[in-house]
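Next up, some structures in structure tokens.
The same chain A turns up in both complexes below, where it pairs with chain B and then with chain C.
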Partner chain A sequence: MEQKSMKGWLYLLPALIFLGVFMVYPLADVFVYSIEEGYNSASQTYYGVGGYNFSYVLHDPYFLQAIKNTFLLVVITVPISTGIALLISLGLTSITKFRDFFQTVFFLPYVTNTLAIGLVFMILFKKTPYSDGMVNMLISAVGGSTIDFIDGPYWAKMFVLCFYTIWIVMPFKILILTSALVSVNQDYYNAARVDGTSKSRIFWKITLPMISPSIFYLIITGFIGAFKAYSDVVALFSTDLNAAGMNTIVGYVYDMLYGNSGGYPSYASAAALILFVIVLTITCINMLVRRKHVYI
Partner chain B sequence: MKVVLEHLTKQFPSLDKKNKTGVIAVNDFNFEIPDGKLIGLLGPSGCGKSTTLNLICGLQKPTSGRIWFGETDVTDLPVENRGVGLVFQNYALYPHLTVQQNIMFPLENLKGKDKLSKEVMKEKALEAARLVQIDHLMDRKPSEMSGGQQQRVAIARALVKRPRVLLLDEPLSNLDARLRLQTREEIRRIQKETGITTVFVTHDQDEAMSISDMIVVMEAGFVRQIGKPQDVYDDPVSLFVAKFLGTPPINVFNGEVRHEKLYIGSECVLETPGVPDQEVSVGIRPEGFVLDEKGAFTTSLQAVEVMGRDVSIVSTHPQSANVTIRSIISSDHKIDTASGKVRFSLKPHKVFIFHKETGDRIPFTCHTEPGLA
Partner chain C sequence: MEMDLNQIEKAALRKKRTQNIVVYTLLTIWGLMVLFPFYWMVLSSIKSYSAYNSEYVPRFFTTAPTLQNYKDVFTTVPLGGYLLNTVIFTLVTTTVMLLVTVLAAYAFARIDFAGRDTLFMIFLALMMIPNELVIITNFVTITNAGLRNTFTGLILPSVTSVFYIYLLRENFAQVPDELYYAAKVDGTSDFKYLWKVMIPICRPTIITITILKVIECWNSYVWPRLITDDQAYFLVSNGIQEIRENGLGRENIPAMMAAVVVISIPLIVLFLIFHKKIMEGVSRGGTKG
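Entry: the complex of A and B
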């Protein structure tokens, strides 16, 4: 028995070492950095231990802007993308002709090169000396005044960011939801039909509860993913996000480490821990709601 | 409510594009189900019995033929307007709803003038639950109940709207052996109590024979025989039906009729007056053997299984189509195992002869067997 468990640990050892070095140690280190006040990365010295780093970060207007941006992004994109994905999946599962074709079309963004996607968004939204972007052309065609989506007002930039985020997460959500919908046993629907259940009631009382585990999975991963948003924002608004007023929490952490205002691992660690607490809280709330409303 | 099936045919389109004929799942089904009776649709997997049920229920449309409930033609009536209750093999209980919510589900669908108040619905649900004896489990979720209890909930849900016809699709096959026995008697009791015309699909002949008023034996889309269970057992029209009914199954031998006598191997076992000379398949029910030292039929003894009241003799014979022959005799008889041979005479009404190719029954009348004469 003893030998058997030794063997087990031995098998686990590579993974444990790897996780320890690249996950556990950095995590602990982040925590240590975050409470070391006035840490200097060159001399590796600090004045004392305390909560000043957190206080600084929480009073930094850039961080507050980043929190606002991140929350807006989360609150807008997660429900909308999940909702639209559900509608598309319902459509996909109810057609038989061209189903494979549409499934492929909807999945394309998932496998498309980020640069290609960026190019498409540039054509759609970016003002250049030659063009105002397709969306602006449409707006002026119906008689509106053009807007600079990349360098203009805050709401316009937020719109582009949300639009992009929703669009980029859609394929995965559609994939998960269509497979959830097909795996609902047909007998439930037959039973409901025999009982004369209306279409809307079938959806609300049978389909939705049946696929609720998948929906909650998407909501939780969606929340976490949106909270971690950074690279997409950089792709859209270039690296100086604080100036653009479009920074996110992860962006703030990055800037504090390596950006123009960088070189402050303590502030970065504090901000990262705050993000961790936020994500943890929201995930816990999600789990509690899930326990109440998801049948499995 | 009697149910009449008239030339009912269901053809499924072929998935194979080269072969356009498709599969005929139900072929020219004619049957009048008498009011208030329990009918067992019996047949091996893929014989079309479930399709027949779906046609009656309305989940599938027949390719041709008509379905009548009483004097009403319901062929083109959508499933929700037929007034049928359907119980699925896997019960199809909504896992996120409690027993009460499951049973009330069909009632909550009622709209307009049929709409019921919450109290009436609860009352009706409780009434249905009492009928199947699960009224103490109303707040459970399906996952918190045994298979048998889930089955009862499914039946209660099918009954709560007082359907004109109750349809059960393999209702017992997900239950263990003991529960199966119990539940099938329950189904019989509930059916008798409610008096609802019931059609019940099964591949288990035991099940069908024990509780049905009438059974319909199907094979490959065709109805092979309809009748009271005992009549079908005693008087099968074909080798298929004979083989399908009865446990232990009927013993089949290769035989030959010569000069109006039936031979199995070299032994003349029975007189078959009026049957022309030909090769035949011989079916002998396990209870058709009589231990007889002067009997005409000899087999090689393999084993003797004492099962309380009866003794089952397992033996072999070169002309047997099965590996072993199983004969059941009363345990009063002494069996001499020393010789390794057993001799039987045969009860003529337990012996059937069938056409070698078609498997159709060849009737004959015989009152004496050579061995006993």
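Entry: the complex of A and C
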């Protein structure tokens, strides 16, 4: 038995070392950093212990802007992307011809490099002195006035960001919802058909309740993912997000840690912990709602 | 009566056809939305610099395609180096990850030892820890160890994934115990059993986590950005950002697009070959963001 224990721990040793050094220790350390006031990373000294870092971060206009941007992004993209994904998945499962083809095409954005494709979106939406760009060409074709989506007004930048985020998250949502729709027991539909139930009633009373666990799963992961938005924002607006007014909470954390305004691991830790609390709260609320509305 | 039935059937058929038209239109529109950026990047990458910049209204095709931009991205900016770095990073990280994951999953699934279940619960709890919380200290750890701008520094914090250990453990646990006892009677060692029996049986799961990790490595941006500021160690994500901000000149969009195409191709090829496996793997446990 003793020998068996040894063997077990031996097999686990590599994982334990890696997790210990790069996950458990940092997790404890982030709390320490967040309460060390005036920490200087060069001399590794600090003045005292307290809540100053949190208060600094919460009063920093850049952080407040980041919070606003992130919340807007979450509130706009999660419902829209889940809704469109549901629509597309319903379409996908109702056809037989070309279904595999469409499914494969729709999944393509998942395997792309966010930074690289973001650059393509930037070019499609950007307006330069040399060219209005593709999207502006369409806008003027239908009689609208052109606008710079990348360096222009706030709402335009927010629009591109939401558009790109939705484009990026769709593959995962379509995949999950399509497999949920396929696995609904056909007997329910047959029974409903025998009773002459209308299509909309079938959708609201059978399909939606049966796939509600997947929808809630997508809403929860969607919330978490959107709250952590960062690289897609960099892809569109480049690394100096504060200057563009488009920073996100995660972007703020990294900027505090490193980059032009970097060197403040304490502020970064405080901001990261605030993000964690926000995400945890929202996830708990989601879980509570889920308990009320999910049937299985 | 027969007439009525005929009419009803016809009406139903017509309704079905209209519905089909609507569905296929919707799907085609989304398909175009997905494919258009890819089309645009390839198109822009084969336009010459002067042709691209003389188009105030961008054109949807080109009559004089050129490969000059592809030459440029390998000569004026070190795209080849970025690609090589990413390949090394991806291969080493994925290999070490597999080793660590297989051993840990085997211990959790097959070896009975004191404290195993408690430890597994702790592992599960770790899955909820967001990367943003631990990355701050990791940055300091790696910096203090003098491992900035090294492959070691890039790779070390990226190898463990609790989720993959969990996924593989679940699969290992499904392998019937009888096989293990039979192997034990024959005097097979644990390690040989793992290598000769468990891994071949669970190959689909191992392939799945390998592919997911490769995608993750190829696209990783945040950690490499924090830990490297020497171009010699840039991965493709940081490379493309560097190219955009300093490399080819801000206005040389066609060359940038050529770089984007080069960076995107490996994963797209991988996807076209393994799309069934990848989609299955992602629906079992991938997320994005």
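Assume the second predicted complex is superposed on the first by the 272 of 296 C-alpha atoms of A that agree within 3 Å, B and C clash if a C-alpha of one lies under 4 Å from a C-alpha of the other, contacts with A are read in each partner's own complex, and residues count from 1 in each chain.
Here is the rule we go by: a residue touches a chain if its C-beta (ideal position, glycine included) is under 8 Å from a C-beta of that chain, and two chains touch if they have at least 3 such contacts.
As the structure is a prediction and not an experimental result, all values here were calculated from the model.
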Would chain B and chain C fit next to each other on chain A once aligned, or clash?
-> fit
First (chain B), second (chain C), both or neither touched by A:233 = neither
Which partner does A:206 reach: the first (chain B), the second (chain C), both, or neither?
-> first
Pick one for A:274: touches chain B only (first), chain C only (second), both, or neither.
-> neither
Applying the touch criterion given at the start, work out whether A:150 contacts chain B, chain C, both or neither, answering first, second, both or neither.
-> neither
With both structures placed on chain A, which of the two partners, chain B or chain C, ends up touching more residues of chain A?
-> C
Taking the superposition as given, tell me the minimum C-alpha spacing from chain B to chain C, whole angstrom.
-> 6
Intersected contact list for chain A, partners chain B and chain C none
List of chain B residues in touch with chain A within their complex = 57-59, 79-81, 84-86, 88, 90, 92, 94-96, 105-106, 108-111, 141, 157, 161
In the complex with chain B, residue positions of chain A that touch it | 185, 187-188, 190-198, 201, 205-206, 209-210, 212, 295-296
Touching chain A in the complex, chain C uses residues 19-20, 23-24, 26-27, 30-31, 33-35, 37-38, 40-41, 44, 53, 55-58, 99-101, 103-104, 106-108, 111-114, 116, 119, 123, 126, 129-130, 132-141, 156-157, 159-160, 162, 165, 190, 215, 218-219, 221-222, 225-226, 236-237, 240-241, 244-245, 251, 253, 256-257, 259-260, 263-264, 267-268, 270-271, 275, 278-279, 282-283, 286-289
Flag every residue of chain A that touches chain C in the complex, lowest number first.
-> 4-9, 11-12, 14-15, 18-19, 21-27, 29-30, 33, 41, 84, 87-88, 91-92, 94-95, 98, 102-117, 119-121, 123-124, 128, 130-134, 137, 167-172, 175-176, 179, 221, 224-226, 228-231, 234, 238-239, 250, 253-254, 257-258, 265, 268-269, 272-273, 275-276, 279
